[in-house]
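Let me give you the structure first, and then I'll get to my questions.
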Amino acid sequence: MTVSKDYTAQEIIIVAGAKVLEDKRVVFVGTGLPMVASLLAKMTHAPNLIPVFEAGAVGPHLTVGLPVSVGDSKTFTSASYVKGLNSAFEMTQRGFADYGFIGGAEVDMYGNLNSTMIGDFPDGYQKPKIRLPGSGGASDMAASCEKTILIVPHDKRKFSAKLQYLTSPGHLDGSKDARWKAGMQGSGPYRLISTKGIFDFEEESHRMRLLQTFPGETKESIQAETGFELLFADNVTAFAPPTVEEVRLIREEIDPTGIFVKRA
Amino acid sequence: MKDTPEMFWTGLSPDEARKALVNKDKSMRDKTMTLKEAVDTFIHDGDNVGIGGFVDIRQPVAITHEMIRHGFKDLTLSFQSAGMAPDYLGAAMMIDPDHFSIKRLELAYWAHEAFGLAPMFRYLTERGLVEVEDWSNANMSSRFKAGAIGLPFIPTRGPIAGDVARSNRTKIIDCPFTHRPIALLPASNPDVAIIHVNAADKYGNCIIRGSECTCPEISMASAHTIVTCEQLLSHETITSLPKDIAIPFLGVDAVIEVPYGAYPGACRRSYYYSKEHIADLHRRTSVMCKTGSKDELQAYFDEYIFGVDDFSGFLDKIGVAELLKLKKLEAANCERLV
Amino acid sequence: MTVSKDYTAQEIIIVAGAKVLEDKRVVFVGTGLPMVASLLAKMTHAPNLIPVFEAGAVGPHLTVGLPVSVGDSKTFTSASYVKGLNSAFEMTQRGFADYGFIGGAEVDMYGNLNSTMIGDFPDGYQKPKIRLPGSGGASDMAASCEKTILIVPHDKRKFSAKLQYLTSPGHLDGSKDARWKAGMQGSGPYRLISTKGIFDFEEESHRMRLLQTFPGETKESIQAETGFELLFADNVTAFAPPTVEEVRLIREEIDPTGIFVKRA
Amino acid sequence: MKDTPEMFWTGLSPDEARKALVNKDKSMRDKTMTLKEAVDTFIHDGDNVGIGGFVDIRQPVAITHEMIRHGFKDLTLSFQSAGMAPDYLGAAMMIDPDHFSIKRLELAYWAHEAFGLAPMFRYLTERGLVEVEDWSNANMSSRFKAGAIGLPFIPTRGPIAGDVARSNRTKIIDCPFTHRPIALLPASNPDVAIIHVNAADKYGNCIIRGSECTCPEISMASAHTIVTCEQLLSHETITSLPKDIAIPFLGVDAVIEVPYGAYPGACRRSYYYSKEHIADLHRRTSVMCKTGSKDELQAYFDEYIFGVDDFSGFLDKIGVAELLKLKKLEAANCERLV
């Protein structure tokens, strides 16, 4: 498979996200890049991947194109179940979602995410500096999917030592069984994919740990753009760049009109 | 186990919600009326308004236009994830808070996914003009469900840790069965629900295609429900497949046939999104956010909402070509003959 | 309207039950005589009565015949809503059911009912003298319908000072706000129809009070067959016997094959 | 607020139920097999068996026949209101408790409405041969729902006062929002669900006509689910109307096409009750209750269950005329062409 020399930061995230997904598993798909990654996985190594969307569609074959919303009509055609939001979240709470993709404007070293506000919580909650859209289903997925895959563009302010608001619970304070003790289900953040590399969370400390670097990045360059101290896997490897075929699938088959994947 | 915010009820308390139903006329009667009559009869200043749909699907846009023409003060808006409906109501407050105002939001998400943020939300919150109570999508959906089924609360395994549960009236208890912590969400029983559906009969039996979102729950939870539908059908046609009925007549107070009533959002089987129209409204709103000038936003409202008598006047301005284009796109989404 | 000279004990119960129902109200219909009474009401003074059945049918027009079960297929045809048991009980818990009919093998002076067991509770619970079918939906209707109408064949053992098991809560111990304090909704037993007369429950004491006697009965004859002290309304009246037309409707239109209404 | 019975879980505890799903193969794969294979694979001695249907509609009769041929020990049966399914299982225990036995019942009602009492229930309970835990229909339906949606408990306003809540594991607490008493019902997560539906595809997507009873909840709550269907259809046909799917493939482990699989009970659109066949089984059971002689009941089992290889053998003995008669009656109930 020929390696592509022409891919964007979004595209390498998509390829990395697709590769995390195992075939025949259920993935709770959030809006945006997770949709593209799930479709790419389905078109490559995971043809029997089962997507679930929070407006209620379960298992659609997605043959009518890329949805622009998790409630898009394209998610309902050929679906195996369609009720509403409660049914999607109830299934997830029950344990039917193996993976969930979530994003945020800030992430900390334990994989907790902020998608609510920039400012001072709780004192400035009613008048934030920047108001973000809010949890949506992200905090529900974070609490109840079995494993979550985090996607966060990499920069020092976004990879933050202290979140300004904790929307989607990850490994909380990293202590042993912290999620279980808090009353949640699911094993929490499993992978994080940034614009610089792929991370997991070390088993004991639950701290973010670099596994693979994206082309052009090193341990040092990534640490330099991270607002907390990273852990490093014993053997940090280089993530292979997207192949020409993967890039073609993204640009020509999955998102030909650039709904989520920008060309620049 | 943690400090929870003081308990209070917005909309109706569980006991008030029960009483409201006991005293209500539940008969199978003709509930068709004009949208103006419905809004005038069932919505009042200070009401908690439950908004149906999800992000930009089946948003009750026509109802929001009529609400804006009418003018309301101090509304509480309750929804899981919404786009166009709070966009219109929020923009109305931006251009003239003396005519239309929102006091409070109980929500999980206000934005547009692929279509970007909602500048109205940023404008109102970053200036501290509205109270906000954040929840998750499952939280809000469960709260409406608790309200719909006559319970004061419902448990959840959702975001029990983190700041969402600290921003709202969630209570965390020790589960008396498992002895693990569990979150309890107070029911939501809005004063009025505003809902757009695919089809209804004159009694209010509603058929919804695609996701029901949280529309059945919001309708059954609320003291009153206004439904707009793409298509008004006979009772016999609607009940020929009783299992297709998502909201029974008991949960509905007013029925109005409003084709394209969720435009510029989408409605399964009928039309897809108008990305362009949404972007135009957002652009005008962003100008006001950045420059403080409301001229462009006011012009939109003057043309499309205040300048017409009803939603059919709005559709006339949108034009046939646009509506047919969106209908054609949706037919392809559904892989079906129309 | 000509009074019938040929009617059975079941038939007068049915006629009395039908007359309690107001038009345009929602009635949660249990199996048996309540079905016949609701159909009779619909065919006479209450054409717009809305029946709800616990398997999930709401508002069917019942034009395909008398159901033999609250889950009978006849209840779904032309219904305005059909989900399942949860939806029917959830609607009732919410407050959508104005009336509910319930029966039992025993009733006490506060309208509490037993349909679970004859024997010694709790000691003999696991080996009752006579095991009855169990609550079914009766105790749910008793708890959550706004008003309940009780139907109990009249004899001294069935009208009992102390129930052997309290399945369906009525006015409990009769104390002020007892139902409210216990956490239930609905105002509780509204009428009781026996084979001897019609009763309500006095406002203060919530004790069973005779309102109307069926033909051939007196205050004394009814008290003699009641295992506790009855109250009597200031003006106990005689309930008019069924009309010829009512009996004809029951026998010829509603239950021509004698599913619930026996000819003897 | 009152003494509640000691807490214990039958079937799976909420945490076990979650773990069972996490480790499960959830893929969309062909799940068709014989009923014998399904019963042998998914049901085990000591299991808590969740029974679908309601009274005598869509009772999983064919599955119970196969369970009886197989033989099981110490089952717990969980259902709201049932007739034919526990009738067969209970009668099997009456004639040979060494071959087939029930340890425990969690139920709201076991009888037949217009078709009378279940003599099997009286026989087993009045002799103290089975443990009983009484609930209401809404209780059991809510317990399955809590299990299906991953909650350890669900609140109810149901029979909070009286002896039902004293007969079972209900806990009554002060509502932390309203400060009124409220009952909490522990979830039910059976080991295996047995369900009969109208139609399914090979992956297990199920369509149910008429009441869904509590079948979706029981399926989603259970660790495994066996589904029999009147009609096995292609995946494309079943998903052409996705909203008709009541149970998604994720909640199903085995799919077997068994026409008339709920006979002598009813199945909407397919056949009405056989009152006569039900009465015959009850008459034979009543003989044993009264005289102690099991001969007539044994003869029924020898002829209809042990004397045949599978449910089609049973139907052969019932005969075409009976089945066509019940089909015709049901078509009239549904006012539809078949």
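Each chain carries a letter (A, B, C and D) given by its place in the written order, and its residues are counted from 1.
Everything below uses one rule, namely that contacts are C-beta pairs under 8 Å (C-beta built on N, C-alpha and C of every residue); 3 or more make two chains touch, one makes a residue touch a chain.
As the structure is a computational prediction, the values presented were derived from the model and not from experiment.
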Self-check item: Far-end chain from subunit C, centres as C-alpha averages
Solution: A
Quiz item: When the C-alpha atoms of subunit B and subunit C are each averaged to a single point, how far apart are the two points in Å?
Solution: 40
Self-check item: Centroid distance [mean C-alpha coordinates] between subunit D and subunit C, Å
Solution: 28
Quiz item: Just how far, in Å, is the C-alpha centre of subunit C from the one of subunit A?
Solution: 57
Quiz item: What parts of subunit A, by residue number, touch at least two of the other chains?
Solution: 57, 76-78, 82-83, 93, 144, 185
Quiz item: So which stretches of subunit D touch two or more other chains?
Solution: 150-151, 156-157, 175, 180, 182, 209-210, 243
Quiz item: Chain adjacency by touch: line, ring, star, complete or other shape?
Solution: other
Self-check item: Contact footprint of subunit B on subunit C as seen in their complex
Solution: 24-26, 48, 50, 57-60, 76-83, 90-96, 98, 144, 146, 185
Quiz item: Residues of subunit A touching subunit B in their complex?
Solution: 31-32, 54-57, 64-65, 68-74, 76-78, 82-86, 89, 93, 112, 116, 121-122, 125-131, 133-140, 142-144, 165-169, 172, 178-185, 259-260
Quiz item: Which subunit D residues qualify as touching subunit A in the complex?
Solution: 17-22, 25-29, 148-151, 203, 205, 220, 238-239, 242-243, 245, 248-250
Quiz item: In their complex, what parts of subunit B are in touch with subunit D?
Solution: 7, 13-15, 150-157, 171, 173, 175-178, 180, 182, 184, 186, 209-210, 243-244
Quiz item: Of all residues in subunit D, which touch subunit C in the complex?
Solution: 54-57, 80-81, 107-111, 113-115, 117-118, 121-122, 125-128, 131-132, 134-139, 141-142, 145, 156-164, 166-167, 172, 175, 180-183, 209-217, 266, 268-269, 272-273, 275, 330, 332-335
